[in-house]
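In the two complexes that follow, chain A is the common piece, with chain B as its partner first and chain C second.
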Partner chain A sequence: MAAKRITPDDISRPGGQLVELDPAQFRPLPSPYDKLELEPKIRCLTREQMDRFECGLDGVSAVMLPRPESENDKRAMLEKFLAGLKRLFNGHDNWTFLQPLLLTMEYCSQCQTCSGACRIFEESGEIEIYRPGYRSGILRRLYKKYVKSGGKILSRLSGNDIDLTWNLLARLLELSYRCTICRRCAQACPIGVDNGLVTREIRKIFSQELGIAPKQLHELGTVQHLRKGSSTGMTPPGFLDNIEFMEDEIREKTGLDFKWPIDKAGADILLVHNAGEYLAWPENPEAFAIILEAAGINYTLSSELSGYDGVNYGVWYDDMQLARVAVRHAGIAKKLGVKKIVIGECGHSHKSLTVIADRILTGDLNVPRESSLTFLNEIVKSGRLRLDPLRNADMQVTLHDPCNMVRLMGIVKPQREIIKAVCPNFREMMPNGVENFCCGGGGGFAIMPNLNFPDWRISVAGRAKLRQVLDVFQDIISSEHKKFLCAPCSNCKGQIRDLFSAYGVFERCNILYGGLAELIVNAMTDIKNPFQQWEWR
Partner chain B sequence: MPALQISIYASLLIFAVGIVVKTIKISRMPIHLRWDLYPIPHEKGKERYGGSRHEDSDWWTKPVRSSIAGEVKEIAREIFGLKTLHRYNRGLWYFSFPFHLGLYALIGLIVLLSTGALLMMWGVDFSADSASLYIRLIRFSTIVVGALGWALGLIGSAGLLLTRTLRKNYREFSSVSNYFDLLLLLTLFAVGLSAWLSADLSYDFLRTFVHDLISFSATGDLPMLIRIEISLAAIFLAYLPFTTMTHFVAKFFTYHRVRWDDSPNAPGSRLERDVVEALGNRVSWTAPHIATGKTWSEGAAGDRGEPGN
Partner chain C sequence: MPLFDCGSFNIEVDEDGFMQDTGAWNQEIAGALANAEGVAEMTENHWKIVNYLREYYLKFGIAPMVRKLCKETGFSLKEIYTMFPSGPAKGACKVAGLAKPTGCV
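Here is the complex of A and B:
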């Protein structure tokens, strides 16, 4: 069934769902997923869930916004939204992004080039509400009507009127969580307009003015990170326990017996991992520890509150939270007196701390920050590790480019140089590098398990990545060939894990995923047994 | 002085003031957080594949290898080849490219007409009978450039208008002004072409009009089509600063000040001073976790902005 053609006017209208999602309408996948029956379902919300939470956009709830109890509640929220909208376009309140936002609001020429670049829009079978310009068009109309002087009359005259209704507010909130902020659309825009930025700015109105954000980003995310130490809920003692566990595991796996440096004042480097690694993929921080130990690097980890978790979820929804986490990280590095911070395999940690927070960290908080990909590449090139690429020869390897590191930071070559040095069978998926496709877990999606949102994230947001992976291995897609997708980013790995597991990619096609450091350790001749375990996790 | 001339002076003034005000307004907006988007063409040696200084270990200790030539090349490709559109939306490029080329040719036409007008002012014989090869070359170029401008502009704007009208994707996202802008230009190109073909093949009328404008002398009678052509040009000029067609101004900022702005916040730099100043702004967002009333620096130092944090 083709989706009903939705126009920007529809977002305000009362009534139920704007769009019904039907997997038959999505772009078909390559073999072996070219049969509709292999398509995972997008679960319908139960009656009770629908009664409790707003889901009038597409029947999916990412944010779990409770339905307001009274008309007064609705009115109060609409007023706050309007106040937030005005702040968004004020230089004092939103100095952080006003210039790019206003340029985006004022200069879109409606050429629709961005639509072809957006994988969510394309893979969904071109569902109108997922069009990059649909979301921006709504904000643009609101801005022109409610923020610009004379807006009410001019909007009507120009035929771009819009009514700020409760339905609009609830749908727009959800719509701001249907974009991974991968900024592929911005890259394709001939004017330089940035629809990805618009997504984040809409999220900001909700968070910074109404205090509304997905629980995993705010309450369990940045707030927990700052107060408890990690968005995973891991406390400093919990972190130290984990380290002990991983030291034991390294001993068992490799026979190497060494202590990880913790809170070592005056070390050259503070290494910060995404704490999710310690829990979900401990082999990644373990691989780092093995490499750094073998290379004789003078580094440390931090056990201080927030210092052992490099994430910064503020990058997805809130400037103040972004600033707080960045300042916390920089403050810890300053206290330890390190020469630089090296950021582990986590894309958004890279971008938030190195690039975005660059204009937040001043004076002695401005501790230099470097990517672990660059850093690992230097170690590999230095010859300090004894490497035999043939130890990785039993598998074909491809590489996922995390948007945050690649399109948004320009780190393209180091990871490729490393892979080529340690894996003899490397093949690039297309497109790659700065034109890559997002894994579908960007913008905070990978850590948002609410209601039926993961189903949408897998079937729609992750579809392009799955297609790429299947395409690159299409000639050896059967399960007798070992294939590996290297994804040097925790969030991407989380998304790929869920994506592969929903489609049964490991069982059906024998494609495993994992980080980059593990491939290096797997090639180290000093380690007797293979470090890389060929098992699903 | 005839109304036609006055309308051109007025529209030129509105155009100039409009563009200057717009440019100043955008450039005076506060400094923003970095929001790089790669490839960045000034990343010398890395621009081809989209690499950056972040690929180098201890990048902050290395000299910045920035290439102005890289940027100039990229800008030229954008302006004269509409590179991004060509790469990502070829269907539209087939119309947008001639449309823009037509506009550039018409700017060329104005330059050539002005050159002729200036030479006339200085007493040079600019008639078709001039013995000077250079004069004949300028006259000939004026005709060719003008013809190209009108024709390409006409083809491009008609194609763009048709695309916008016939293709659903475009139609549903187009505003009244999107249509009006194209229609206005289409009419201008059509009238310009007809005026040239029917009344002013050598551009002597238009050149004389430009001469009279530059020398502030009252212009004589002009054929009707040329009068309409000039009036439309005046309307277009005066209207342009208030439309999205000024993306030629915006693009400078979206590219240089946003996508390609990778200037690191070096300690002690002017940029750092600007950042410190911006962090001194008071926060007025009101969500519970925000440090409402505090400065951004104070807010960022706390764990949720409560007093004492």
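Here is the complex of A and C:
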């Protein structure tokens, strides 16, 4: 007998998990992962962990919310949530996103077009609670009952009543971390309803009103970024030490006597990478350095607090932190007197600094910003680099479109023009461009290693991307062929690394991943030895 | 907070077994953590890696780049994985009493 379909009423009910996850129900993967026994496991929480943390949604804990000690604690949090809910719909308190949020609350006609666009919902085997409309339906009922005048009576009469209970609160928090905010749903919606924004605004109530957010986003994320200089914990002296090491590497790899321009006042450009690149994928900032040097670009990096880390985790959960980081970045550029900021290969940096910061930065703080994708493409097209695409001919290449650069900002062609100029064997995943599938690590997921959440992120959130990558290379899937997935975003690379590791994709299928700038350098004829190393990273 | 059993005493660790109070680290704790990470015996080579990580961490407040770790200690990444089966970050750094890596790494 089919299980009873979950309804919005169920989220308030007491008791254990709303749904049990069963990998046998997930959409099957193509070869060589078409057997269930090859599926990585989603670990069950231990009894002790279940006693400590709320996990009543699907048995997964992304946020590690401790179970409250008393009924009074629960009541206090419910009151804060309710106050925050009201503020969310007040123009003085939510000037950033009120209009699209109101449109989403008032005009959704429940046509479910978004459900077919949501990869998490589809890949999970259509688990009801992951439906984009389920999440926003809960917020809509809360809004109509507790925010709109006469809501309590009208909600009951319309049959859309909802009870704001502790169980609802704890489950809604987790549910706001089951969506990567890729905004495919918003793109598919015929009237522009934005359920991705709903996810983000729910997270915002929890962070701004209750002080609840995943530790990696807040305490070790934006707070550490502002205080220590980077969400990686890298301090300015640590950054300079890494720079020195990478300068040595560049010398060894290329023979160039290279010195990085740091804090150079009056440079044309401030280049800001995601600091994770320096630690996990140093070949990416090194490749930028080689390209910019060869093209004769007058640029600088910054060693100021936060100036060497372009991330802005506030974009995922909190307006205040978002603004603080954006203003810090713009202030550093203003002080250096650069003409523009160029943002490295990091998707959410693009979103925060180019798109959202436009609503925050005023006057001379509004320094022009540009994507590294268009910037690199101009350099490649200018002819200032001597390029031989045959140097990348030993592998088949495909391209991942990071949601924030591509769907959100519409940067589609520049990265393709670059790849076509430097790689003779390029093939497109389907779908691609603005229709792409998220890597599964968006919305902060790639950096949240809490409890069994990484298992869910791999098996459910990353599933669509893995399928796409296997499909595009299906005719040459055996390990004798070298295949490369170009992903010009640090966050996506982190997710792809974990996804590939979990399934053994490099060992089994010989598919490696990496950034875009590295492919350019690998094609530069002035560099004697190959820049790209065919080894797992 | 979960506790980790070092034999004669316990230390506080996070959900992934990283030390909470990294200042309380000593060789005895390192030995116990190594054991839990699948290291049968801490050899001179193991200590070379752990001591380098520890010194770097005390100086810069963060783990070094993996490539720097390899270069400075003279071990390849593969050799480090052989010595610390869970790898440089989740294995060697944990044994050296470093905090869990954060950010987009």
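Basically, the second predicted complex is superposed on the first by the 533 of 537 C-alpha atoms of A that agree within 3 Å, B and C clash if a C-alpha of one lies under 4 Å from a C-alpha of the other, contacts with A are read in each partner's own complex, and residues count from 1 in each chain.
The rule is short, and it goes like this: contacts are C-beta pairs under 8 Å (C-beta built on N, C-alpha and C of every residue); 3 or more make two chains touch, one makes a residue touch a chain.
Treat the numbers as computed from the prediction; the structure is a model and nothing was measured.
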Fit or clash between chain C and chain B when superposed on chain A: fit
Contacts of A:193 with chain B and chain C, given as first, second, both or neither: first
Touching partner for A:366 - first (chain B), second (chain C), both, neither: first
Geometry of the superposed three-chain model: angle at chain A (Cα centres of chain B and chain C, steps of 10 degrees): 160
Chain B versus chain C as contact partner of A:279, first or second or both or neither: second
Which of chain B and chain C A:214 touches, first, second, both or neither: neither
Which of chain B and chain C A:235 touches, first, second, both or neither: second
Most chain A residues touched (candidates chain B, chain C): B
Which superposed partner A:442 touches (first chain B, second chain C, both, neither): neither
Three-chain overlay, closest Cα atoms of chain B and chain C, distance in Å: 18
Interfacial residue positions of chain A with respect to chain B in the complex: 5, 7-8, 80, 83-84, 87, 91-93, 95-100, 102-103, 106-113, 115-117, 128, 133, 137, 157-160, 183, 186-194, 197, 207-211, 218, 223, 226-227, 319-321, 323-324, 326-328, 340, 354-363, 366, 368, 370-371, 374-375, 377-378, 406-414, 433-435
Chain C-touching residues of chain A, taken from the complex the two chains share: 49, 64, 216, 220-221, 224, 228, 230-235, 237-238, 241-242, 245, 249, 274-280, 282, 309, 311, 346, 446-447, 449-451, 490-491, 494
Complex contact set, residues of chain B against chain A: 26, 29-40, 43, 46, 49-60, 78, 82, 84-85, 87-89, 92, 96, 164, 168-170, 172-178, 244-247, 250-251, 253-255, 257-259, 262, 264-265, 267, 271-272, 275-276, 278-279, 281-291, 296, 299-305
Residue numbers on chain C that touch chain A, as the complex places them: 15-16, 60-63, 65-68, 71, 99-105
